[in-house]
Amino acid sequence: MGSYIPTTEEQRQRMLEIVGLTSTEELFAALPEEVKLKGELQLPKGLSELGAARKMEDYAEENRIFRHIFRGAGAYDHYIPSIVKEVVSKEEFVTAYTPYQAEISQGLLQSIFEYQTMICELTGLDAANASVYDGASAAAEGVFMCRERKRTRVLVSETTNPQVTEVIKTYCHGRQAVVEMVPARDGSTDLEALKSMLDDTVACFYVQQPNFYGILEDGRACAEAVHERGGKLIMGCNPIALAIVETPGECGADVAVGEGQPLGLPLSFGGPYLGFMAASRDMMRKLPGRIVGETVDSRGNRGFVLTLQAREQHIRREKAGSNICSNEALCALIASVYLSAMGPEGITQTAVLCASKAHYLQKELEKAGLPPVYKKEFFHEFVTASPVDGKRLLGALEGKGFLGGLLLPDGNLLWCATEKNSREEMDELVSLVKEVCGQ
Amino acid sequence: MGSYIPTTEEQRQRMLEIVGLTSTEELFAALPEEVKLKGELQLPKGLSELGAARKMEDYAEENRIFRHIFRGAGAYDHYIPSIVKEVVSKEEFVTAYTPYQAEISQGLLQSIFEYQTMICELTGLDAANASVYDGASAAAEGVFMCRERKRTRVLVSETTNPQVTEVIKTYCHGRQAVVEMVPARDGSTDLEALKSMLDDTVACFYVQQPNFYGILEDGRACAEAVHERGGKLIMGCNPIALAIVETPGECGADVAVGEGQPLGLPLSFGGPYLGFMAASRDMMRKLPGRIVGETVDSRGNRGFVLTLQAREQHIRREKAGSNICSNEALCALIASVYLSAMGPEGITQTAVLCASKAHYLQKELEKAGLPPVYKKEFFHEFVTASPVDGKRLLGALEGKGFLGGLLLPDGNLLWCATEKNSREEMDELVSLVKEVCGQ
Amino acid sequence: MKLIFERSVPGRRCSILPECDVPVIGTGEKPLSAAGRKSPLRLPQVSENDISRHYTALANATHGVNDGSYPLGSCTMKYNPKLNDEMASLPGFTRIHPLQPEETVQGCLHVLHDAERVFCEITGMDAMTFQPAAGAHGEFTGLLLIRAYHESRGDVKRTKIIVPDSAHGTNPASATMAGYQVINIPSTKEGCVDLEALKAAVGEDTAGLMLTNPNTVGLFDKNILEITRIVHESGGLCYYDGANLNAVMGVARPGDMGFDTVHLNLHKTFSTPHGGGGPGSGPVGCKAFLGKFLPGKEIREENGVFYRADYEKSIGMVRAFYGNFLVVVKALCYALTLGAEGIRDAAHMAVLNANYLRVRLSEAYHMAYQETCMHEFVMTLQPEKEELQVSAMDIAKALLDYGIHPPTMYFPLIVHEALMVEPTETESPENLEELISAFMEIHRKAQEDPEWIRSAPHKTEISRLDEVQAARNPKLHYGL
Amino acid sequence: MKLIFERSVPGRRCSILPECDVPVIGTGEKPLSAAGRKSPLRLPQVSENDISRHYTALANATHGVNDGSYPLGSCTMKYNPKLNDEMASLPGFTRIHPLQPEETVQGCLHVLHDAERVFCEITGMDAMTFQPAAGAHGEFTGLLLIRAYHESRGDVKRTKIIVPDSAHGTNPASATMAGYQVINIPSTKEGCVDLEALKAAVGEDTAGLMLTNPNTVGLFDKNILEITRIVHESGGLCYYDGANLNAVMGVARPGDMGFDTVHLNLHKTFSTPHGGGGPGSGPVGCKAFLGKFLPGKEIREENGVFYRADYEKSIGMVRAFYGNFLVVVKALCYALTLGAEGIRDAAHMAVLNANYLRVRLSEAYHMAYQETCMHEFVMTLQPEKEELQVSAMDIAKALLDYGIHPPTMYFPLIVHEALMVEPTETESPENLEELISAFMEIHRKAQEDPEWIRSAPHKTEISRLDEVQAARNPKLHYGL
């Protein structure tokens, strides 16, 4: 049995004496006999550290690491600078709790304040929170922010990542908000359809930028249409893309949310990830979760505290706008360090590299017989048809260490390229594709 | 080109102005034209961080990691507790220089003081230094400690790790010290031969415990023999074995040295490793390298400083006993944390596990047709004969992910087992051996 | 301390990425879109050295478990074994895309599968989802299960969730998020459920009850079987808030107390680090009859092969993918290390430490309840407040000068001037002794020099902060 | 701070290893040997939590490059890029046994091979060994090469090594270790080699000269070609101490200055962290004619396959295996990142930073030399010492209160009350500004209140320590 208990048997006895008991079992005398567990839990015998390490390594080795990844669809394989890993492994950051005691948590609080500033910069909006669970739950929380008594309809573009849509629906279900899908046209939101669906009962419209197919949506047109009918626009954004595309702020969005995983978080089979949220000044006090604000201490020094807590569940209880308290603080720290290491030039370079590689790949795949399905502007993902069965094509690639595009329900493939994909690697991918497609 | 220079072009210009120059080239005006490099160094173009990471990963992937290691011979595959890696990756420990400024280096100094205490405990001697380069150079430095004007002969047991012997010889060459080998008999030092070689010209005798063949030497008998003729005994010890075998102090050795790699350092293709050194009180001031001592500050608080610096080269220059200044401080820290995590029980358990596994393996290999060559007590290494060509046997094992014993020049094999080798793994090894040996 | 933005110098940068090896798109003459970003991107422009020193300074200004005791009630700030983090950082876990083909993620599915079995056994549940990313997220998920259950039976009149007034604030907030009306019921003097009040509250509109046991004052509710029976008889279901599981794991199981669904805080009970407020993991377990409603996918095994299957009537997803997977890896590693015996022993020691502290501190402080506590206990500083105008907050702040993280302040709401203390099982007797002597010294000083305590802390870089100004005139980002 | 031994509690432990799965030998009734250990093994008995907190406290009491500027002359305390450490911790390097078969260590041999090419190009040498583990170890190795060379020619009368009096103390110590007699020659006023003295010193007994250039006062010796010519003409060889290479890498090469052998301090010039005093790496390069004497094995490549070969007349090994291999990995990663351009740029910036600091500090401090310096410069506090009784040591200690690591004190020996300042290229102008303002403020205070400076530091946990007591009555381990 492994144990992290420092107390020796002798010390326990002494402590029990002082408490006035003779055995630890007596500590549980208040428990009715009927609820006490008879015997032991049916679990394997505890392991030594070496034994546990072996066991966990065995699990890890049952997975297959792909050296070449061309799949995104919500989780992106970006380069993580070494300094990011170094900084976020500092024990203080890893082991601290939520910074309730501001005087001994200024480092953590300041890091969140800096993170909030960076998210405001990326999104072009006025206020950001300290993060939520992931991009999908951020989208759902964003929708909750926009609900008003008479506005119960929630519009979501069909071009949204299906997982995000599903989470929005799950969150809305309990509250009887009606989620309706705005149809797509040639891979992007059908603006005419959107307009026709808008009325005074619509709380908000959620659109993803770039959308699930990698295509750039017309955020400004969406904002105009929605605002015209008094609704709110929520944009779900890829944070890397924000370096080179119009920001939610520039588009006129009310709320911006997104999955922060591209900002230095490893793929990790889907989590922990990072939901970021920002809002215009009007919506600031509706932001869920923790928010850090600047203030002064009793000696006039600048300091930081958790603020606007009056919104939160531990004060408002059932009247709170959200129940969230634990967020993804360490992931937010990762994003901050990542954005600092990249800087404005570096993050722009990342975006440009992603776009450039994806466009190169798209052209080369087209030559190899995989025509693009949509003709619109895209960022670093795109959809192609496949002349052969998609599963067979992907299987052949996997055999060579390539994780190809995601097979969509309609048989098309959703590809992704990032700054990590070299031309050489893409050329190799393309020749493998050619082989399978018999060119 | 990658760069870690923070200064921007504009800032450089401003600085140059203040210095009174117009270009950085002018800073080098003092250099004769003839020595200035014409053009650029002939090196590959500098890489981005991502590019450098790729390149280094490519190197690493050209190596083959063995999952099952049964080879020692100076580098041992022990389990490294997780806390060890965590502690020694703390930036302060990694990036600091030698603690010359004691007031802001108390942490580092204290850690070395603790390390010295642990080495004294392991070896049973009175004083230890802050470490030297590795076990082999520690042995050579130990020999230098024992040289006296009229004693120029250095005896080394033939059962010593050949690399250690070679380093001792290299070190002694310049100083005209004569290194002579004391023959072995049935795998351990021939005590009678030793006695016959001893006289008033012998400075010291170096014996390894357990010796290169894994066999336990009679340290006490060596000490008695050497001391009778006024020489010194240096024991080169495996630090794990010291938990269960007679210590150099108990044997009466004057100096103990050894390779500290088993104390939490990874194999790392041979380095960085850790040379530890300890000595009896008489020899204390002859210890080379840095030593930390306890003292008090001007307010009476306990504190630690580098001490006995009068021995060292930056004060004594050509009269110093050794030239060593950089040591292996971070490796010494690793050893300290390792020994703290293991504790007396844990380190004893490690030694017992090593011995038990090795004895099991030896018996099983014997059954598989690999008879032991020596019949003496051993710790966790032992020599067997091989009924088939050793290279062929090892090659077959390597094909299955097993790094087998080391092939010795005489065709025998030197095997090693540690606490990491499970019975299951050893049984698999043995059945592979049986296969090859045609049993 | 400077902000990272205040260290920024125009043009300074790290060199992370290589030049583009394909035709460049998205910048300059080849903009990606007419609607390119126009506003400047004012991120910090710093060197790697700047970053290293900046975050070193921030870390030094952050108190972690590695800096000292952290007896923050209800948060179970135990020591976080480093092995768990090391294992979660294996490339075989971190480099796995969540949408890889099933045969290439057998290890991940195996982890989720085994974690489900282990944590079901500990809670006495039959099935479990790891999608929820935190405790509150788990509560919400559990309530959606309850909703789905009633809806599946066409029982649409059940619109109310009963919550004791001593509950964590997340409980009522989660109930509201799940579309329920919250019925608060008062606690007894002992902080336990008032059976009469409960009986009065239940009815045909009762969807369920949310409860933590041991409760938020650190006592085990002896009437637990009666409580869950009353709710069940009304047709409602019982939800167990796992925040306090550390006290009873291996000793008693929510499933055996009559609960139908439960969430765990892996980041509390199973020693995965809190990360300054997350990522956590709030898996939700349930009895077999609720299993078909779980979110996400079920992980099944057949002949050693793991595969995903749809739940029959899933409530949908509450998060993308599989939840905070790496946190689950850490918790599983921890649970496998402890085993049945170690898990129970941790609970035993957590409770012994709490009682030892309670008894020792009773010499100076007033305990809100006199009984043997579970893993935590609540003190009331009401007497000190009245006599010396020294509040719970003042005592807490005074502890900062001793390098000790204060207990939870002003919770639960039912105790005035509350300090809730939870030492956890990983604090040694020597650490407890330090804690006790700090508490005692502070109490003594409060008598001798109350103003000194009221103006604490005195040794921290930053003194008490003006929270009112922060909220009244919110400054939520750096004014670039 | 408590010692780890003072945190020890009998019986406390971590649970690292599993039970034995084979018959137990070596303990109890089955002792390994009659001569088993008898004395108790008094190692600390602590929990993992104890260890985590103990070493957190020690780290907090240790100043690293991550804590602030570190202008320690002659030590080149530049920023250590994290990538280098990350790469050196790849399992593909750390999990390789040094005695694995050649075909399974191609990556390691490839690293050594490429590192040899890169560092030979930078130094202008033809061959290089990575066996030496530190600078002094390299010096010793280089001198053994010189010895082997003369011996191979039967030239046994060369028993002397010439060393300038400004040299690092390791130079004469290394010469002695290699069995040579040391001839100290004086420096000129400029800290350079006195050509006349050199000419007088050389002769038939000259084995060689040891020199660093730029020299230890931070000046480039303009007569370098003359110096090496004089030595060569006497039949001696020239050894280059690479401690100061950071100033001239990519600008001038020791090989082009006439040196025959050179050591590098990878842990200085090539930015591998110092680790509190090691592990370092002191590879030794040499001209072709010395190559056959190198220690260890030569790494050769044929058709992309790397293999080891014996040097023809090797001096033997100076360390087991291949040296501090992981340090070489870090240095190679660094050199590949910088490339030719970056390496030269680092030297340029290191020299510019030093000169900028020198010029700015000249406003208050007295410089030992007035010329344009290389990467470091020497101030003399002799005037302050005489006028105010404030010493170089006092100024250094006063800097501690500003969070700045002081410069090297009292070196070189030829300058009285010396402070040797080396900012390195990775300190930003803002950091230099902080350094300057600290130096200026201290200088001002030294005039106003010299006692305050003499009793510095004032803000550190520990004040000045009694070094005399430590040496007189050595207490070198904890009294268990």
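Each chain gets a letter, A, B, C and D, in the order it is written, and its residues are counted from 1.
Just so we're on the same page, a contact is a pair of C-beta atoms (placed from the backbone, for glycine too) under 8 Å apart; a residue touches a chain by one contact, two chains touch by 3 or more.
The structure displayed is predicted, hence computed values, not measured ones.
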item	value
Comparison of B-C and A-C (more C-beta pairs in contact)	A-C
Matching chain pair for B-D (criterion: over half of the contact pairs shared, by residue number), options B-C, A-D or A-C	A-C
Centroid distance [mean C-alpha coordinates] between subunit C and subunit A, Å	19
CA centroid of subunit A to CA centroid of subunit D, Å	46
Distance between the centres, which are taken as Cα means, of subunit B and subunit A, whole angstrom	47
Residues of subunit D engaged with two or more neighbouring chains	9, 12, 14, 16-17, 46-50, 52, 56, 60, 64-67, 79, 81-83, 85-86, 337, 426-428
Subunit B, residues touching no fewer than two other chains	1-6, 11, 47-50, 53, 79, 81-83, 86, 89-91, 419
Subunit D to subunit C touching residues, read off their complex	7, 9, 12, 47-50, 52-53, 56, 60, 64-68, 79, 81-82, 337, 426-428, 430
List of subunit B residues in touch with subunit A within their complex	49-50, 53, 79, 81-82, 86, 89-91, 419-420
Of all residues in subunit B, those that touch subunit C in their complex	1-6, 8-11, 47-51, 81-83, 85-86, 91
Subunit C - residues contacting subunit B, complex	9-12, 14-19, 46-50, 52, 56, 81-83, 85-86
